[in-house]
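Please go over the structures that come below.
Shared between the two complexes below is chain A, which has chain B as its partner in the first and chain C in the second.
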Partner chain A sequence: MSEHDHHHDHDHDHPRLTDAELRVRALESLLVEKGLVDRPALDALIDLYETKVGPRNGAQVVARAWIDPAYKAWLLRDATAAIAEMGFRGRQGEDMVALENTPGVHNMVVCTLCSCYPWTVLGLPPVWYKSAPYRSRAVIEPRAVLAEFGVVLPEETEVRVWDSTAELRYLVLPMRPEGTAGMDVEQLAELVTRDSMIGTGVARRPGDAS
Partner chain B sequence: MTGTGPTCLLPLQPHDAEGPVFREPWEAQAFAMTLRLHEAGHFTWAEWASALSAQITAAQAAGDPDLGDTYYTHWLAALEALVARKGIASRTEQVARKEAWRVAAERAPHGEPIALDAAIRAGEVGRDG
Partner chain C sequence: MNGAHDLGGMHGFGPIDPEPNEPVFHAEWEERCFATTLAAGFLGRWNIDMSRFARERMPPVEYLQTGYYEHWLHGLETLLVERGLVSAEELASGRAAGPAEPGLRKLGADQVLSVIFKGGKARVHEDVPAKLAPGDRVRVRNHHPYGHTRAPRYVRGHVGTIDRDHGVFVFPDTHAVDGQKKPQHVYAVRFEARELWGPQGGRRDAVYLDLWDDYLDPA
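For the complex of A and B:
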C-alpha cells in the first residue's frame, strides 16, 4: 500500500492532541496506574478551585474585618489563625499575613520569583499576576503599575510592595468604601474585588458597576 | 465588566471576573495533579516552588517573554522534572507514555474519545529502552 496518496482534505496534519495535552495525559495515566492520584480526586480539586474558592473566601474575610474590630485586630495580628477560623486553610501549609490599607499606606502584593499566591482565600492567580512584567515592574515602579490598573493614589500615600514566598502569602485588607455604613457582611463582601485584595485595586463603592 | 475577556470559555473551565483562570483543561489537570502529589507527601511545597521558579528562570533565559500565558507550560515542565527526580515516574516512562498517547490519538476515529489502548501501550511504543 502506498503511503502518501491517500490524502484527505481535512486537517489530517493537525495533531489531535497538542504536545502539552499529550504530556499531561502521559503523566496522569502513569500516576493513576501507580495509585498516586485518582481522577475523581483531581476533578474534585478542579471543581473546588473553580466554584468554591475564587476570591469569595477572601471577600468574606475582608467584610468581616470591616464590621468586627476584634476580628480585624486578630486578622492583623495572626492572619493564618483568623483566616483558618473561617474555615479557609492553606493547602500548602503556608502562613498568611494581612496588610491593612489606610489613607497613609497602600500595600500591594507580588511574587517576583514565580507566582506564589494565597489560593485559599483568592482562588487561582490571574494571568497578569503570573507575568514577568508585573513581577518585575511591581517592585521597580509600583505607582505606574497601579495607574495601569486604574488606581491613582495621593502623592502622600506610601506604597509598600510585598514579595510572596512559598511559605508566606499576603492578603491586602482594602479600605472600606464610603457610603457603606448600614451594610451587612454579605453586602460588603460583594464590594471586595480580587484585585483589591492583591492591592492592584480598591474596593468597589456601593452602586458601582460590577 | 469590560468585556475584554475571551467569550469562548468552556462551561467547566475555571474563570473569574477577568477571564479564565485556566485557559485550557490540561492546565487544570496539571495543576490538580501537582496538588494531589503534594498533599500525598511526595514533595514539599517549597520543593515545588523551587522547581517551578527554576523552570521559569530557564524559560526566560531561553527567550520566553513570560507574559503569564506560558505559565502552565512551565508548570508542566517543572512537574515532569520533579516527578522524575523523586523517582515517581522516570523520564523514559514519561516519554514512552506520551508517545503511546500520540499513537492512540492518531488511531482514534474522529469524534470519538481517545483511549489509551493496552495493546498500544505494551506494544511498539510502550517498550522503554
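For the complex of A and C:
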C-alpha cells in the first residue's frame, strides 16, 4: 500500500526514482518556472510542520487542563479560544472541540473520508491514521482497534467514536494518570502522548517507558 | 461520490500497524508534495472541498494501492490542469510553455507563518435558522450524489440524535462544485453503534458524525 512498494524490479546500482518522486520533482520545478510557487516558501512550510507544529502543543493544552480547573472548563466549553490562548491556532484547527475522557466515557477520533486531524495541536497525522485499516475499522469495531493499541476498556465504559466529517477538529482530553499529584505542567506534559489525544491511547504513568 | 475514499465500516484491510517513533515525513518527495500543495492552494483557485473532491476522483483501484501523499499529488495535478494554471502538456513534459497568467500572487516565505496561523475558516457568520435542535431524532438522507459529499455511506438512511449544534458552516457539496457556500447549520449527530452495525455494535457504544442540515430529515 505504501509508496515504498513500487519499482522493486530495478537492476541498477543506484535506486531508481519512484513515479511519485519523479512527478513531484517535475511538478515543483514546473511551478517554480511558471512563478506559481516559491522554493523558500516550500522550505518554510516543511520546517514549520517538521519542527514547530506537533503533538507537544496539544500536550501543553492537556497538562494545563489537568492542573487548572478553570482552564479545563473553558477548554470544554470553547476549545478554539482556550487553545488559541496558548498560541495554537490556524490551519486545520480553525474550529476546535475538546472531548473529555472519563472512567465512564472513552472518546476516540477518526476521519473515515479523508484524514482530517487537528494540525494546530497534534501536527500532521501519522501514517496509520491516514491508512485504510484505521479509517475502515475505527467506526465499526473500535474496541478491537483500541485493543491493538493496548487499550482494553471495561464493558461498562461507553466508547464514542467521532468521525470528523466537517471542519470541526477534535482533541481528546485524556484522563490524568494516577501518581501525578504535585507534578508541574512541564512534567505532566511529558506524560501526554499523541495517541492519548487521538483517543487510541491513554496518558503514560510516571515511570512508564516513553 | 461513492468512491474508494469512503472507507468507514469496510472489512479486510488488516491490522493498524503503527510505526514507533514515526518521522513527520518518510521521504523528501512527501515533504515537497505537502508544501507544494499548500503553496498552490494559496493561489486561491480552489477551496478545500474542491481539493478533497479532486483526491476522491482518483480511480478506486489506484486510490487503494497508493498512500496519502500520492492522493495529494493526484489531487494537485488534477486541479492545476482543471483550473488552467498549467496545461496537460506542461504537466507531462515538466517544462513551462509560457508564463503563468498575470495577477496570481504566489506565497512568499515571509508570509508562511501568517497564512498558516490565520487558517481558512469554514464557519460562516450569518444568521441562518437551524432546522433542528439538540435532542431531535433525525434520519440521514439516502442520497448517492456523483459529486462531493461528506455524509459517508455507512450512516445514510440511519437514525440518530442531535448531540449539539456547531453553528453555521459552508456546505461542502456545493462549495466543491463552484464555491457556492450555501451556509447552514452543522450538528454533531449521535448514532448508537447497534443502529449502524446491528448486534455486532457495542451495546453502549456510539459513533458521532458532523452533518449538515441538508443531509438530515426529522425522524
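Basically, the second predicted complex is superposed on the first by the 189 of 210 C-alpha atoms of A that agree within 3 Å, B and C clash if a C-alpha of one lies under 4 Å from a C-alpha of the other, contacts with A are read in each partner's own complex, and residues count from 1 in each chain.
Keep in mind that, in the parts below, a residue touches a chain if its C-beta (ideal position, glycine included) is under 8 Å from a C-beta of that chain, and two chains touch if they have at least 3 such contacts.
None of the values given here were measured: they were computed from a predicted structure.
Chemist: Let's test your reading of the overlay: on chain A, do chain B and chain C clash or fit side by side?
Modeler: clash
Chemist: Is A:R143 contacted by the first partner chain B, the second partner chain C, both or neither?
Modeler: In the superposed model, A:R143 contacts chain C only, not chain B.
Chemist: One more residue to check, A:C114. First (chain B), second (chain C), both or neither?
Modeler: In the superposed model, A:C114 contacts both chain B and chain C.
Chemist: Kindly classify A:V24 by the partners it touches after superposition: chain B alone (first), chain C alone (second), both, or neither?
Modeler: The answer is both, since A:V24 touches chain B and chain C.
Chemist: If you stack the two complexes on chain A, which partner ends up touching A:L36: first (chain B), second (chain C), both, or neither?
Modeler: It touches chain B and chain C both.
Chemist: Of the two partner chains, chain B (first) and chain C (second), which one does A:M175 touch, if any: first, second, both, or neither?
Modeler: So A:M175 meets neither chain B nor chain C here.
Chemist: For A:E158, is the partner it touches chain B (first), chain C (second), both, or none of the two (neither)?
Modeler: In the superposition, A:E158 touches chain C alone.
Chemist: With both complexes superposed on chain A, which partner does A:P55 reach: first (chain B), second (chain C), both or neither?
Modeler: first
Chemist: When both complexes are superposed, which of chain B and chain C contacts more residues belonging to chain A?
Modeler: C
Chemist: Pick out the stretch of chain C that clashes with chain B after the overlay, from 74-82, 128-136 or 200-208.
Modeler: Of the stretches 74-82, 128-136 or 200-208 of chain C, only 74-82 runs into chain B after superposition.
Chemist: Which chain A residues come up in both lists, the one for chain B and the one for chain C?
Modeler: In chain A, residues 18, 20-21, 23-31, 34, 36-37, 41-43, 45-46, 49-50, 54, 91-94, 113-115, 123-124, 126-128, 130-134, 165-167 are touched by chain B and also by chain C.
Chemist: For the complex, which residues does chain A have touching chain B?
Modeler: Its residues touching chain B are 15-18, 20-31, 34, 36-37, 41-43, 45-46, 49-50, 54-55, 91-94, 113-116, 123-134, 165-167, 193-194, 209-210.
Chemist: Okay, in this complex, where on chain B does chain A touch?
Modeler: Chain B reaches chain A through residues 1, 12-19, 21-24, 26, 28-33, 35-40, 42, 45-46, 48-50, 52-53, 56, 60, 65-69, 71-73, 76, 79-80, 83, 88-89, 93-94, 97-98, 100-102, 105-106, 108, 114, 116.
Chemist: For chain C, which residues count as touching chain A in their complex?
Modeler: Listed in rising order, the residues of chain C that touch chain A are 5-11, 13-19, 22, 24-36, 38-40, 43, 48, 52, 55, 64-70, 73, 76-77, 80, 85-86, 90-91, 94-96, 99-100, 104, 106-109, 111-113, 115-123, 150-152, 154, 166, 169-170, 172, 186, 188, 190, 193, 196-197, 200-212.
Chemist: Where on chain A does chain C make contact in their complex?
Modeler: 1-4, 18, 20-21, 23-31, 33-38, 40-46, 48-50, 53-54, 89-95, 97, 110, 112-115, 123-124, 126-128, 130-143, 145, 148-149, 155-168, 195
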